[in-house]
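See the structures that follow.
Next, two complexes with subunit A in common: one pairs it with subunit B, the other with subunit C.
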Partner chain A sequence: MSLLRRPGMLWLALPATAVLLFTYVAPMFGLARMSFNRTLPGGAMQPDWTLATYAEMAADSFNLELTLNSIQLSFTATTFALLLAYPVSLFLFRTESRFRSLLAIIAIGPLLVNGVVRVFGWIAVLGDRGLVNSALLALGLVSEPVRLIYNWTGVTIGLTESLLPYMVLALLAGFGRLDREVEAAAMSLGARPWRVFVRVTLPLSLPAIVLGWLICFILAMSAFVTPKLLGGGRVFVLATQVFEEAVDTVNWPLAAALSVYMLVLLLLFLGAYGALTRRVER
Partner chain B sequence: MKPTGPVLRLVVALVYGFILIPIVIVLAVSFSADNYIVFPPSGWSLRWYGTLLATPTLFEAFRVSVMLAALVTVLALACGMPAAFLIARHRFRGRDALFGFFTAPLLLPTLVLALALLLAFHPWGLAATVPGLVLAHLTVTLPFVIRILTTAFANLTPDVEDAAATLGARPFTVFRRVTLPLVVPGLIAATALAFLLSFDETVISLFISGPRLQTLPVAVYHYVERRTDPAIAALSALMITGSIAIVVLVERMVGLMRAVGR
Partner chain C sequence: MSHVRLDALSKVYGSNAPAVDDLTLTVERGEFLALLGPSGCGKTTTLRMIAGLVPPTGGTITVGGADVTSLPPYRRNMGLVFQNYALFPHMSVADNIAFGLEMRNLPRSEQTSRIAEALAMVRLEGYEKRRPRELSGGQQQRVALARALVIRPDVLLLDECLSNLDAKLREQMRIEIREIQRRLGITAIFVTHDQVEALTMCDRVALMDRGRLAQVGTPEDVYERPANRFVANFVGRINVMRGEANGASLAVAGAPVAVANAPRTQGTVDVMVRPHRMTIRPEDVAAAAGENRVSGTIGRIVYIGDVIQVAVDTPAGPLVAERTTTGPDWHTLAVGQRVAVAWSAADTLVFPPEAR
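Take a look at the complex of A and B:
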């Protein structure tokens, strides 16, 4: 074990530590520090230690609307993603098909396709002259195209798809507790398939559902590309507002304060969710 | 009892349709002859691939992205490998804390990280520069590389290394001749992932890059924001093909390596 117990090998961690101090620790402290600076009426930024930016943020009712928009969008997209990912994960977990690994790769495929490219794909599917509207018009179901993008519908669909792979991965990881024997036992005792699912399969997979939902909700709350591009400037959430203040308006104290607010919101949510699941499990 | 019933199979097929439809449509639209995104297209052609070749901004952005991803991959491996080796094979106090520190950036929303990087890099003169983009991409790729390689190193049994050391090999020789060849599959996976992560990184690049230095995803983002024509479908098709090629390549190589090892 001479190699493994040699003292003085800590220098091996030095390069990675140096990089992350520079690109992660310092910037995050800088972000928090920036939120206490002041923005002068002309738009110039003045170093300060003040809560003025937070006060301004709290006084603006638009931020409350953004918060509710973010929560509602994330809640809807995450729930849809769960409903779609659950059967796929269950199938992948159970199947004995020789195409299993190929099917698993396709299920997490969206992860391998750039977010902007996927958004573009949805524009081609859902746009005024896209696949869905062409089909609806050809079938005579509608007389003019239905607006499916550049609104909440499009953003919800796109976000749901981008969350799917994460949900599938989380569910698959958590399905270890599922035991075919228990299901077979319930079946042999005369339970109908649906009843077996509700009374055996679903409760056993509940921890996986809870974990997957939580991960995806947090990802959805901070998702930026999908709401921005599929929303076409008509969908406003916290994430798009952070970008707007940082890059377009260049009000850095406000952008920083909004980010800190978003992080605190996510932490509060994590805490509440943890407390709730502990109560449910007891 | 069959493992999967017909109802489950039908639902699964529908969800797969949902996952695949945007990708398939993009591939189809890239061969469109129309001026707009129309599906089904009125005719087929390769003209949008030609347009792509004649668009220097996209070409330049592609060049930037490839160079950036290569630099980031090399640096992430160079910094990540020693750190992962230390964490996986060395016992010391604060080891878990160090691992937690290394992987902490993965817990943060990318948007917040991106803003923090912009605010820090701007006064340092690093915003919209190649070194700035490399460092910014390292924030997300380095933690991933450390996580993968830590697992790879931890899965090795120390017996072979001990044997080499007992026979008089110096520590660095043991690492180079014994440890390194054994973690080659992990290294390949880490290399591919680091490259793809950097090449695909959009949000951080959007904050850090400027009009004169754009990565490919940023260029596509601005293009889609302004207008949508089949040129972007052609580019998207190429990007999708590239990702698939890398994944298949890694699968083949790592699979092959495992076969050889056995």
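Take a look at the complex of A and C:
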């Protein structure tokens, strides 16, 4: 509002707008345009305005399965990430330790490591001869290695871990309404610590939870490296399918149509988020 | 028997100077005690130790004869009103007030009647469904008070809860809180740095200075008979003159000064007199018996409404005398006029200068 009243300030947004136009908006339109092109039997693409690709996509029941896979995987990984990140973030938010910033950097440190490298780290940990299985075997808890990678378990573990730093950041950003004084008030009114948590801390951190959950859910839906590498070709989600269609099958209109479909799906989630936050704010 | 008893209570944060230092204080049942002192003197820390929110590093707290020093806050049954109210932002007014009752597992019907009672007490009927942020500061303050009182606490603890209100509302709330406290006969401790609030609302005033108890007594005690320089300075306005004590006699700027309670000190002292106990006299009229006076020139006249403050430059330093504007004669004073400032021996306070 105030920006619009001082048009001079709008110039400050110009560089970012230009960059976004070229790197984001233009390719998106290009992608959307491509999804209406025709694929010739030989695999070549012919400019056109047809809904044939969308019809093909809708007719293929495998795409519904992929959608459900994507949603289920993202839901599980995001929820695990939330459960793991919440106590850490709460601690980081509150600690008066001198090492607070250091601890925060450690918590979001994994972002500094390339996603592919992290996946290989997981393979070393979760593989048949990995850390976990060696320990389980050595302890005699299992007689043969447990399959922890190249399946849904592995992908869920890897995805959860890759979401953690984002979840911590989002929670820290959303904890603004938490107030020690209000919790102290609850305690002075007779609430034991766990009741303070359930009745005050948790409700007041709901905006943070919703924000973190949404951001990570979107990240999880579009995650490609982890399902591809930790899935070992046995885990199929929308993101891997787009890659397959674009790179292996070289059916660009279909890859584009799938991308548009994913985008619409995420926009729907965003809409639901908007409605939800309006209710939380109430 | 005293209701609340603090015994050698201390709190040291980390390696800092003690925030509260060897504080011993008792509060009678049904008494309204003010904890008064400048910012940072340890008032909030003391109150929070009583509430159980800050663990003391030394000493004990007794309530009704029972040692509560190591009890957690949720087992203490104290009603705490915070400076910033600390209402639950996600709950309605009614839910805020109900919280303490729910924690006590009271039956629904009793909760409802007690909430209604509490809302009536703070005159907020009809506001049950509002959220805290939909209330004015004064209304939030009343909800906080109702929330603290509805649990029928052993002790009501108030932390500067009026300082966010405008002057008019603050005065009104002072009367209301005092009225409610008296009606319920509840023991209350009221933290404030506003001496007017402390003097006008409370039965007794405990003054704190850098974590220590400076004096405790009735408002009249601390105002008329301050125990030390700090109290004299902090409570009310006061003129400070440099004096020389020599056994029973005292001199200011070379002239002898009569004192009711002669100091038994030697050397430099601070001589203090309240502005409204100083009168402006014509310079040529002889001093009355036992009256102290010093001549000077009027440097400034400040009109406040009910009084004028007359600043007079004298050999004893600048002195401020207050005169009521009741009669017409105050108009005769003018800047530059030669006058005498007079005060009685009984109004003269003498303290050794502040040790540095």
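In this section, the second predicted complex is superposed on the first by the 250 of 282 C-alpha atoms of A that agree within 3 Å, B and C clash if a C-alpha of one lies under 4 Å from a C-alpha of the other, contacts with A are read in each partner's own complex, and residues count from 1 in each chain.
Operating definition for what follows: a contact is a pair of C-beta atoms (placed from the backbone, for glycine too) under 8 Å apart; a residue touches a chain by one contact, two chains touch by 3 or more.
Bear in mind that the values here come from a model prediction, so they are computed numbers and not experimental data.
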Q.
Let me test your reading of the model: by the given contact rule, A:Asp179 touches which partner, first (subunit B), second (subunit C), both or neither?
A. second
**Q.** Touched partner set for A:Ala81, first subunit B, second subunit C, both or neither
**A.** neither
Q: Could you say whether A:Ser259 touches subunit B, subunit C, both of them, or neither, answering first, second, both or neither?
A: first
Q. Which partner does A:Gly115 reach: the first (subunit B), the second (subunit C), both, or neither?
A. first
Q. Now for A:Leu148: first (subunit B), second (subunit C), both, or neither, which partner does it touch?
A. neither
Q: For A:Pro203, decide between first (touching subunit B), second (touching subunit C), both and neither.
A: second
Q: Kindly classify A:Met187 by the partners it touches after superposition: subunit B alone (first), subunit C alone (second), both, or neither?
A: both
Q. Once the two structures are fitted together, what part of subunit A is touched by subunit B and by subunit C alike?
A. 184, 187
Q: Could you please specify the touching residues of subunit C with respect to subunit A in the complex?
A: 51-53, 72-74, 76-80, 82, 84, 86-90, 99-100, 103-104, 147-148, 151
Q. Which part of subunit A faces subunit C closely enough to touch in the complex?
A. 177, 179, 181-182, 184-192, 195, 199-200, 203-204
Q: In the complex, go through subunit B and note every residue touching subunit A.
A: 1, 3-5, 8-9, 11-12, 15-16, 18-23, 25-26, 29, 36-40, 75, 78-80, 82-83, 85-87, 89-92, 98, 101-102, 104-105, 108-113, 115-121, 135-136, 138-139, 142-143, 146, 158, 161-162, 165, 171, 174-175, 196, 200, 202-203, 206-207, 217, 220-221, 224-225, 228, 232-233, 236, 239-240, 243-244, 247
(Q) So in the complex, the part of subunit A that touches subunit B is made up of which residues? (A) 1-6, 9-10, 12-13, 15-17, 19-20, 22-24, 26-28, 30-31, 34, 84-85, 87-88, 90-91, 94-96, 103, 105-107, 109-110, 112-125, 127, 129-131, 134, 161, 164, 180, 183-184, 187, 193, 218-219, 221-222, 224-225, 229, 239, 242-243, 246-247, 252, 255-256, 259, 262-263, 266
